[in-house]
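Working notes, beginning with the structure itself.
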Amino acid sequence: MRALKLAKKDEKKLFSVLEKFGEVWSPMPKGKRFSYEKIEDPEDLVLHEECIRTILPVKKFLMPPDFNILSFTPQKFTINNEEIPFKIVVSVPACEIHAVNILTKFYTTDYVDNYYMKRREKLIIIGKSGLPDEHCFCHKTNTSIVEEGYDLFFFDLGDYYLVWVGSEIGDDIVRKGSDIFDENLPKDVSQKFVEFRKQKNKSYKNNPDMEGVTDLMELMYDAEFWDEFGDKCLSCGQCTMACPTCTCFNIIDDLELNKELGHRRRYWDSCQFKDYSLVAGQHNFRGSKAERLKLWYTHKLKAFIGHFGSPSCVGCGRCIITCPVDINVPTVVEKLKS
Amino acid sequence: MKKRPTIGIYGFTGCAGCQLALLDCEDELLDIFSALDIKVFYEAMSNNDDNALVDIALVEGSINTNKQTQELKEIREKAKVLVAFGSCSNHGCVQAMALGDGEWEQRFKQVYGDMKFTVAIPREAQPIHKFVKVDAYIPGCPPAKPQMLRALTQLMHGNQPTYTNSPVCLECMFRENECLLYNGKLCLGPLTIGGCTAPCPSHNIPCIGCWGIIDEANHISELKLLKEKGFKAEDIIRRFRIFGGSDIVEKIQKLLEVI
Amino acid sequence: MKKVIVDHLARVEGDGGIYVELDGDELKKVQVNIFEGPRLIEALAIGKLPEEVISFTPRICAICTVSHKNAAIRAFERILKYDENKKTYFTRELMHLGEMIESHSLHVFALALPDYLGYPNVIAMVDKYADVVKQALALKKFGNKIMQIINGKYIHGENAIAGGFGKFPSKSELLEIKKEAEESLAFMLSATDIVGGLEIPDHLEEETVFACCNPADNKFGFWSDELIFSDGTILPSVKYKENLIERVVPHSFAKRSLYKGKPFTVGALARLNCIGNRLKGEARKYYKKYKNERWLKNPIFNNLAQAIEIIYCLERIPELADILLKLPDPELEKPKRKKGRGVGTVEAPRGLLVHDYSCEAGYVTDANIITPTAYNLDDMEKYIGNAALNLNKQGKNESQIAFELEKIARAYDPCISCATHLVHVNKK
Amino acid sequence: MKYEYNKEPELYTPIMMRVISKRDLTPDVRFFQLVPKEEFKHLDMDYKPGQFMMLSLFGTGEAPFSISSSPTRKGIFEFAIRETGKLTNKIFELKDGDMLGLRGPFGNGFPIERMLGKDIIIVAGGLGAAPLRSLLLYIMDNRELFGRLIYLYGAKNVDDMLYKPDFVEMLDSEQIELFLTVDKGNEGYEDSIEEGKVTHLFKYVNDIDPANTIACVCGPPGMYKFVVTEILKYNLEKDKILLNLERRMKCGCGKCGHCIIDYRYTCIDGPVFTYWDVIHMRELI
């Protein structure tokens, strides 16, 4: 893999290079948190020192919360062929890139979801390794290092960034920006890189013990704590919206007033909602909140292994700072272990 | 050309906002009037035909006089599909916030003294399903434009309108808001029927629950949570009641047990 | 005996009717009946927190929701002792103008105009008056847009709270509002001439007293802490009860009010009659152009007054936007006091609106809300009586009379759902 | 990133079908015959018994329905649809010639290859007879490829029995050992239909060779446990008991998530599961 250097003094010039490749999106403050927003001002492109945990993850670009998939008349259905612009997201942490890789695997296995893939092809990911905060636990889910799925990946090594090139587009970008990207890496780069990694590894403050949770999910299936969590859960669905590897959606039809034209809408659904598993005859396969939570945690900690070899939780910590009643991967893992 | 479905839009006690919300669909108003054969719509037109049989009856407002009960029953007879339109008709809205506390007559006396009214005999406000069979519900205080238009078109095509089964939090997350409840504000989003597109949390204002209570609402857990966050139990329960209408009445006892 | 009965007033908000009994040349009975059931909102306000009352009292009426919100906020801010900050103040004013535009354009174009042009509703006018209808709807939509941007929703938004706003409108939103106001003015000027050119019947005329808020510094505007009457009286808002006496009548769930023992009128016409000479710009030109003696005795001119007020709003918005663009967003303030009484008087589109609260230890102990329609009902009955008598003399039949009477009610733009909340509770 | 993937066919886009005939099977179940509209006739829409399709109606929505016809009778698609809600109410309003959208087939279907040469026990409850009809017809049309065919069918009452005339007629057939029952009230059919739960028909199932038999079950969610208990008494291997399950589905192709059970998607890994899966995974029945 190619690696280059970007001097910090040239950081502000990055925007004008990226701009040539599409819309530039970067984490912007939203209250105490962040969200990926489209930016127009080079000043808004900030490569933060710590990992930025936006309210909604990168999946919002790949499968928008709510969009039309088909248009139809009584005679025929036609796919929504809207032009999707290239988007460049900046400052994406490693765990999120893992999440995108999981999504991509998921959406291309068995059947290929073109709505996802159309957007994936148009998404340029500029990763950035930052320092963890008090909630990050990607070191426990093996997602703190990422090897594919990004176009460029930045490491902050003091007065410059080390930039990995991860794709053809990434290569195009560094070529376009040849005045700021420098092929000649400083001599001390490997030493500094090791230092950075060491410091990062030392900085984790959240250390849930994830060892063996997969089997514990099975063993503790009937444990009482699930009901306690069920009594607490508000069924607000925030956890599933925030989680970078949650994919469930619902489909409904909308008609246009006074016209023989309609649209089929696809929008995020949540397994925490009551009618998620409801079928005809009012039979509900997951009538209780506890059952629905079990489904979610099975999916995060166990089920994905069956298909893809690793669980789908990437340790981003979103569930921790999203769930109002403290149901999240670390608290569930703690219960599994007690 | 297909026959246009006939519709009647009737208002009882409320703020008339649901009908107004319909008139507020400025861009679609011409379409609405041409797609539907509107027989009754007092707020918007004067050539109303009170006796018309209608395919769809949209009923706004709660019922709180004997005269209204009578009229509502007549509308039921005339309508193929009767739709409760907006919070007042769905669950009573604010005028039903004290429903079941047994003090209505006292309140009435406080206000009007011993006056004997000739217009009608008043009573405590109730949602319309207490009097007639309701075929579909459109929640909202008032219903939001996209959801209302969707419901209208569905009704026009003979479909049941989709009833949102997700709380306000879903749309709040779609708009990528920092969660107010998480940050210790008294937000009723998780207890409230979605569809409004979460305008209030999007303006940093906690949801006050104006669309009414969602099926799965976990009042007990939210009560416990808010108590932990430092709110007084009676303040929380009172907040639950303001827009809870008739739906909260059965839950109150359980909540009182918790505190 | 001739009876004129309008069972159900059309093209007004809420459920009301008119009942008139004529015996030969004599008027036996005239009643504006309000069937809309009482909601006892004020009684329900007792024992609640100010923020809760501020969110649910606007549910009294959808079309005046912002006025109710501003009135309630003004009342409570006096109790809770907030300092007024400029950004908040002017943002509220902008939001208020949004409601004026929305409500007035709905009333003038969609509810009243069809009467004069002989249509059952505004949509039916499309064939001949497509342009007017489209632009009027666009104007109405503009009013809604302002309320949606500032208050969160166009009906019952929650963004405005005591102490400020959850979120202030952004720069681009303000610029958008400003631009649209400027662009709408031309249409409104020509539309005002259409309304000004209508023939106004004189079968009801009689002098009356008008009342409205008296904005400070001799300015035109929609709120203040003083009331002004067309007989020259000026009264601090907190003393409203001294001159406006309430009573209950059996044929209506709305209470009535009298000024010095006589009925009076509030609303756009009242505002222009009392403080219209303070207008500036195009609004002043149009005021000068159309103002005449008959304005003092004929409520039907209310529609014209509303049109002129829309011009005022469209001229005021760019000014406000410019001011707001320069001011930084303030932090949300905290209350400094928990008890006391506060009266908030504002001008709703249909006239004077009073919110009067008392608090003890942070909770509401007393609430009184008087809505414009409630103030107007007595005068409305008076004019309806006059008209009935005169039209009867001219030999008109029942249905012809009924049509004319309805027009009067509509000119007043009664907001019946408002009216039924006129109640006063005193809980010790 | 560059991705290699097959962009066709469009997963979520239905093709248009035309209703050519319909009839009532029970008071709330109607049988529909559909053929592709001209422009879609060339598409190869082969399917297996036990698979399902997503049916779409303009503006109302989409839902999964088992194919009731057999691939041995090409060109026509048949469905037995119960009126239970929004979409199905609208489907019931369809007239001959009306159009609806269809996509699929989805699901694994019955493992026909494994079943060849075997004795087959089919147990159907209620609407379960719809997907099992596909299998039944398939076996009947290829009768020589299978061993014994035992069919047990239970319905709530006589009126609710799907394909009743066909079944009653088949009772005399040499090709099939068929037994019918209703929960209550067999008036008028005392000779042909018994009274009692479907499990009670197992008394007629005798001389089973467990090594050479496969059982296929489909019915309401509550039925599986009881039926499986009965079948296990014949010592059938766990993976020779096949259950056709139902879950909520929105996409039919393993993306929307609703039908997930542990790591399996009912729409891809099912709807036909083995009894071993049931033991292996919780929540299946």
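For reference, chains read A, B, C and D in written order, and residue numbers begin at 1 within each chain.
Please note the rule applied: contacts are C-beta pairs under 8 Å (C-beta built on N, C-alpha and C of every residue); 3 or more make two chains touch, one makes a residue touch a chain.
Since this is a predicted model, take the numbers as computed values, not measurements.
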Nearest-to-centre chain - CA centroid comparison: B
CA centroid of chain C to CA centroid of chain D, Å: 65
Between chain A and chain B, centroid-to-centroid distance (C-alpha), Å: 37
Geometric centre distance via CA averages, chain C-chain B, whole Å: 25
Whole-Å gap between the CA centroids of chain A and chain C: 51
Residues of chain D whose C-beta touches two or more other chains: 59-60, 85
Two or more partner chains touched - positions in chain B: 153-154, 157, 204
Chains touching one another, given as label pairs in label order: A-B, A-D, B-C, B-D
Complex interface listing, chain B residues touching chain D: 153-154, 157-160
Complex contacts: residues of chain A adjacent to chain D: 69-70, 72-79, 104, 106-115, 117, 120-121, 149, 151, 167-169, 221, 247-255, 262, 264, 269, 271, 275-281, 283, 285-286, 291, 295, 298-299, 302-307
Contact set on chain B toward chain C in their complex: 11-21, 23-24, 26-27, 29-30, 33, 41-48, 50, 62-65, 67-68, 93-95, 97-98, 104, 107-108, 110-113, 115-120, 122-123, 125, 141-142, 144, 196, 199-200, 202-205, 208, 210, 235, 238-239, 242-243
Chain A residues within the chain B interface of the complex: 30-33, 35, 54-56, 60, 65-66, 231-238, 241-242, 252, 254-258, 267-270, 273-275, 289, 321-325
In the complex, chain D residues that touch chain B: 59-60, 85-86, 89-90, 93
